[in-house]
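Each of the next two complexes has chain A plus one more chain, namely chain B in the first and chain C in the second.
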Partner chain A sequence: MSKFRPITFYSSQPADTSAQYQLLPFRFTQLDDSRYVATNIAGEHIVLDPPTLHAFVGHKLPATDPAYITLRARHFLSDAHSRMGPDLLAIKVRTRYDKLAYWTGLHIFVLTLRCEHSCPYCQVSRQSEDKEAFDMSKQHAERAIALALSSPNPNIKIEFQGGEPFLNFDMMKFIVETASTWNTKLSRPKNLSFVAATNLAVINEEMLDFCVAYNVDISTSLDGPKDLHNKNRPRSGMDSYERTISGIKHVRQRLGRNKVNALMTTTLASLPLVKEIIDEYLSQGFNGIFLRPLSPYGFAIKTKFFRAYNAQQWLKFYDDGLDYIIELNRQGVDFREYYAATILAKMLTCQDPGYVDLMSPAGIGLGAVIYNYDGTVYASDEARMLAEMGDTTFKLGTVEDTFEKLFTNDTFLTALEESFAYSSPQCNDCAFEPWCGADPVFHWGQQQDFSGRKWESEFCQRNMHIFKGLVSRMESEPFVKNLFMRWANRC
Partner chain B sequence: MLKLRGRVSYRGSRDLEPRLLQVTENLKFPHALRGKRALLISHVPNQLSSIPEGFGAVLLRQESFLQDSALGVPLDSGVYVLPGDYSYLAEGDIVRLSPQTESISVIFRRRTPNNSILLTDRCNHYCLMCSQPPKNVEDSWLLEEAFELIRMLPGDTENIGFTGGEPTLYGDGFISLVAAAKANLPHTSLDVLSNGRAFANDEFAGKLASIAHPSLQVGIPLYSDDPVTHDYVVQSPGAYDETLRGILNLKRFGVRVEIRIVVHLQTLPRLVQTCEFISRNLLFVDHVALMGLEITGFTRANLDILWVDPYDYRDALSQAVNVLRTVGMNVSVYNHQLCVVNQDVEKECRQAISDWKNEYLPVCDDCEKRAKCGGFFSTQIMHKHSRHIKPFR
Partner chain C sequence: MVAQFILEFDAKSYSVLAVQKACHRYSGQASFEITQRLELSTIQVIVFPRTTKNEDALMQNIRTEVLDQQMREVVRAETAGVRNLILAHAFSRTGLIHEDGLPPGKSA
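After this line comes the complex of A and B, so read on.
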């Protein structure tokens, strides 16, 4: 039998054992006192202890070190044994940005500002019977439909918002029917879908029939158990919870159980109740929850709601909630936290789920665009809330403008460019940049700066904390790593 | 284990060239076609006074047929007396008969769904666990024979495989063979086993893709996410990069690719990381196969640096499968008995061992899951298998 060569022959050929290697683009950030997280340009990560990191950066890591082998396999370094790193990284980065070329997919129509709820944290709604003043007109709607259908994206989702969009049901019908008809006349019809963001308080059989007929999905608000929900979301009769719950059941029966999802908002009153809120979602048959902080816009600021708790308090709420959800899964309940799942998809796969707040280039305009009730066009939902406070920086124009004019708006393009995290001060050095996003509207609102001073930014504080928490939890336990892999891949 | 090739005793002219013949048991087979048939005689009918003439060859089950009935040896075709090993031979099978070396090779069996065609013994790898050790010999006649075989195979053949050695060493000859397979057997799926390195050349990968074979899949081994380990296992420096580039090129051109990982002592330490690497970098490949060792060829010589009891790595195997399953890849476990894997991978375990070398242990007779279990390579039964084989009851 012929001779086989030992592995030392291959490890020493053609590079020598003094490990001559090149660093590929990567960044590192301290995870805790004894560990660093390093990420490559495609968002893959590795946790290293300080001596290993120092040796690696100093080109002194021996090729026989297990960390060396992993760093090479994950394309943090390149040596004579393999030159595939840059090519594989390029494929992964290209995959990550692939969706950008499609341009805007989510088109939000604000049908009315009127609402029969009077939630103190709401950004925009009005208690008014004046349809003229706060409802979208047919003429504006037609122009907005034409704009939505002229996006290059093959998948167009039209979302109805308010106020309470079902208070302007006639306009919803008009838009769904018109958009559907016009779509069939396109040379390449879009994959067109609809969703209505509603509190479900005023929905009736006629409306449900329509949703069934045209596949309109439902997105509703559920803040937690009855007392909390009704406190957060007052309406005359104080029966918001009862109406929401019976609405959810009704919608599921008519449209199917996956056709309704719910969003929660965290208020000061929510802070001690994270388990109760999650239990409420569980008992209402949801498969997950999106633990969301208050946005610093609109009435939330006016009523001092936003400043009612700080980032640290919210993060404790979030951490407790996430740990509770992990525990639920350990007991065999398939339930997830959607914000974590979104980030995990960016950490553990090459796909960008396209969540507007965690995109870079920023998701404003590119991820979603808003057609307001009065015909103005904003770059995001937050942009219109900022406008309600008197700051119209992110107004792209009006529905009378052409698609090209709206999306080449100078301020918009400047905001995208200045906030692009990869080249933004501090983000550029941050290991978490591949998982994070640019939020120029938030930072403009808070700091009058598209990019933002990151050490004063709650956006940055909040996300840094969550990134570190997700990495630590995965590192501590194989069960959590497997659970997070599943979340990442079904996001 | 079925014996597929070996010596036979031959009576007849030694001047005849080796050739491929299709087996028939029909004594009255039309004369016009007899030249391409080997007549298989399992018993001598009473009325038969002489061996029918005109057949390409005659295969006798027993030598006594010649003495007992005084059958003459036809002048135009040789007579081969088959040892008992070939009792499985049946109508429609294809054999290669070589008068000079007095040998038979069973090339194609109708009854099996997995017929592999060996194209060469030459290889640019020298894998530690090669089951078909390479020989540096001039054997391009195997390629010529494969072209002929493709013209002979029944049109309803479900699947064939091209194997080696390294089939792509023929370069354009290999491309022509795949094109011939598509032209002659358009409904037959084709599995090629290759180390993929030839496809690092864009042009070569493009040529294979441009044939547009409707159901071609190239099975390519990637033994580690660590280039040093991969190069060591295949005993060839630089193999890792060329194989990876080959996989990328094939997928870029839209050819189906299966990644094959043999699990042994050298690949096991990074098995999970390798699957993570695949899930992150090669998500677009069509199938990943995690395979147990066949105890033959080089594996026997290197058993001390290869063997690890599958029972002892069952958790790593579960995790490797879990990684690939979670990202939505198609994954299969081959050559692992159900009693040595965790229950969570039973769904991925396939019965993948070719029938001619597939066996079970006596203890398996009582096992409830035997029908679902892939069993053993005959060589595993002979030389090495898990210490933890236990029937389910």
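After this line comes the complex of A and C, so read on.
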């Protein structure tokens, strides 16, 4: 018996307007005045005009309509030719949420609050270099390592943050060596990796030797061209840019070309300079850039940097940057915008890249957990920043607690439940929900509400604009659609 | 003071939930008082705009949104069974649910 249906089966599409089909779960949202975006439960999408959408929902869409074939292929409907639709959708949903079962993979250790930079937009309440009271102790570090290795996740990444983590290099060495040793003694050793988030200003040969020996990746900050970077990131000598660039070159020589990544932060001074910022990343040999707005925490609030520009101004900056990057690709330059690439992976593949801000259930605790210098455990990096401002809502406990106690914390579970986009007002109806996330820390910080009132939410405003922009760009030009497909599959 | 206006929807064509959800979406631009008038088979919405700007556009947007919300209800009701089946199937072997109620990776 053949495993395949005969060819006549596929050529015998019902030609009349009374095709019998069953709707599969989907949501729709207006893209613009003349189009809707519809997404199915696994996040696949289609763009429809209003008459086609109404006909489809009313079971009046003819099987001969081109949209019908796409709706069937993307599991928006099942008919006599596609009874497998619900099963295939279930497999796609399962793949999408696969990471949930593994629990926390990213464990962030705040080694010190000391920093020799004095960036006015800093999200952390940094301390001057000589205050060792703000360093992590060995006792706290050991407990935190034990907690990190208790996670059910087979892939554990330990990230060092500060302040400037290399100012407490002895503790970084201790943690890397201890975690590596303890890991070998586990009955099922983890796939353990390390990354240090550093401004590269104080890195030296001894530190680089250590990073080579233990395969420690480097994540640094580069805000753009020299003048902008040094203005945004002041330090004694006003040589942050020179030190960062020299550090990037040095790390590449010692660790390898792909062992260093850079992140930028948008300030008011950055807004007219998006092309110059992208050009700086290109000239430093990076393959992409993550265009990031300021976060509303720490010094960024105190110094009023966060309110220096609004969501609309930042979105204009983002759109200009994205269009410039598309234009560069059209000219043969292979370069990506990483936030778009992350969203596109959610839009165009069944994989969820696990970016904490775009996870629902929220990525706090589930995607990442923070061990602060003083032994306090927070549900996310932003949660500890909020705590530095006096709001400890997202404190899970301390490193002395058990793994189970930390992750069954009432406030944490309530925040997860209340912000779950699948059942949150407005998000529940939104076609972009499968691509979006819940950000209870942001919404709590801004509105004292885990879920957030969406009409006031900059998170919602920003992401809705970006989702619509990505879909519109793909719809308007095949080149962009192909480019975005490549970004999605390399994310 | 900004003038209020009234919208009416046929209760045979639209549910109160659809009207409520549509109003909720525009809560940033107006506040609402929703009344079901059984004797007239209508749902009445008194709209209190926050500003005088774009009142016509607001009225039109609410009407479009009510229609969208009603269609969403149709889709939701019609696909409830299959949606639950898909989700049950999707999470059936994730290890997130343990028969003893213990977290993944922990045995009794």
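One rule holds for everything that comes next: the second predicted complex is superposed on the first by the 468 of 491 C-alpha atoms of A that agree within 3 Å, B and C clash if a C-alpha of one lies under 4 Å from a C-alpha of the other, contacts with A are read in each partner's own complex, and residues count from 1 in each chain.
The rule we apply is simple: a contact is a pair of C-beta atoms (placed from the backbone, for glycine too) under 8 Å apart; a residue touches a chain by one contact, two chains touch by 3 or more.
Please read all numbers here as calculations on a predicted model, not as lab measurements.
Of the two partner chains, neither chain B nor chain C is touched by A:Ala133.
Of the two partner chains placed by the overlay, only chain C lies in contact with A:His54; chain B stays clear of it. When the shared chain is aligned, chain C comes close enough to touch A:Arg94, but chain B does not.
In the superposition on chain A, A:Thr349 makes contact with chain B only, while chain C stays out of contact range.
Contact with neither chain B nor chain C is seen for A:Ala213 once the two complexes are overlaid on the shared chain. In the superposition on chain A, A:Val333 makes contact with neither chain B nor chain C.
When both complexes are overlaid on chain A, the residue A:Glu404 reaches chain C alone and has no touch with chain B.
In the superposition on chain A, contact of A:Met238 is made with neither chain B nor chain C. Note: residues 87, 91 of chain A belong to the chain B contact set and to the chain C contact set alike, using the contact criterion stated above. On chain A, the positions that touch chain B within their shared complex are 1-2, 4-7, 9-11, 13-14, 44, 63, 69-70, 72-74, 81-84, 87-88, 91-92, 349-350, 478, 482, 485-486, 489.
The touching residues of chain B, when paired with chain A in their complex, are 126, 128, 225-229, 231-232, 235, 237, 240-241, 244-245, 248, 266, 270, 273, 277, 280-281, 283, 298, 301-302, 319, 322-323, 326-328. Per the touch definition, chain C reaches chain A in the complex via residues 21, 24-29, 64, 68-69, 71-72, 74-76, 78-79, 82-83, 85-87, 89-91, 93-96, 103-105.
Residues of chain A that touch chain C in their complex: 22-28, 30, 41, 53-54, 57, 86-87, 89-91, 93-94, 97-98, 100-101, 103, 152, 404, 425-426, 429, 453, 455-456.
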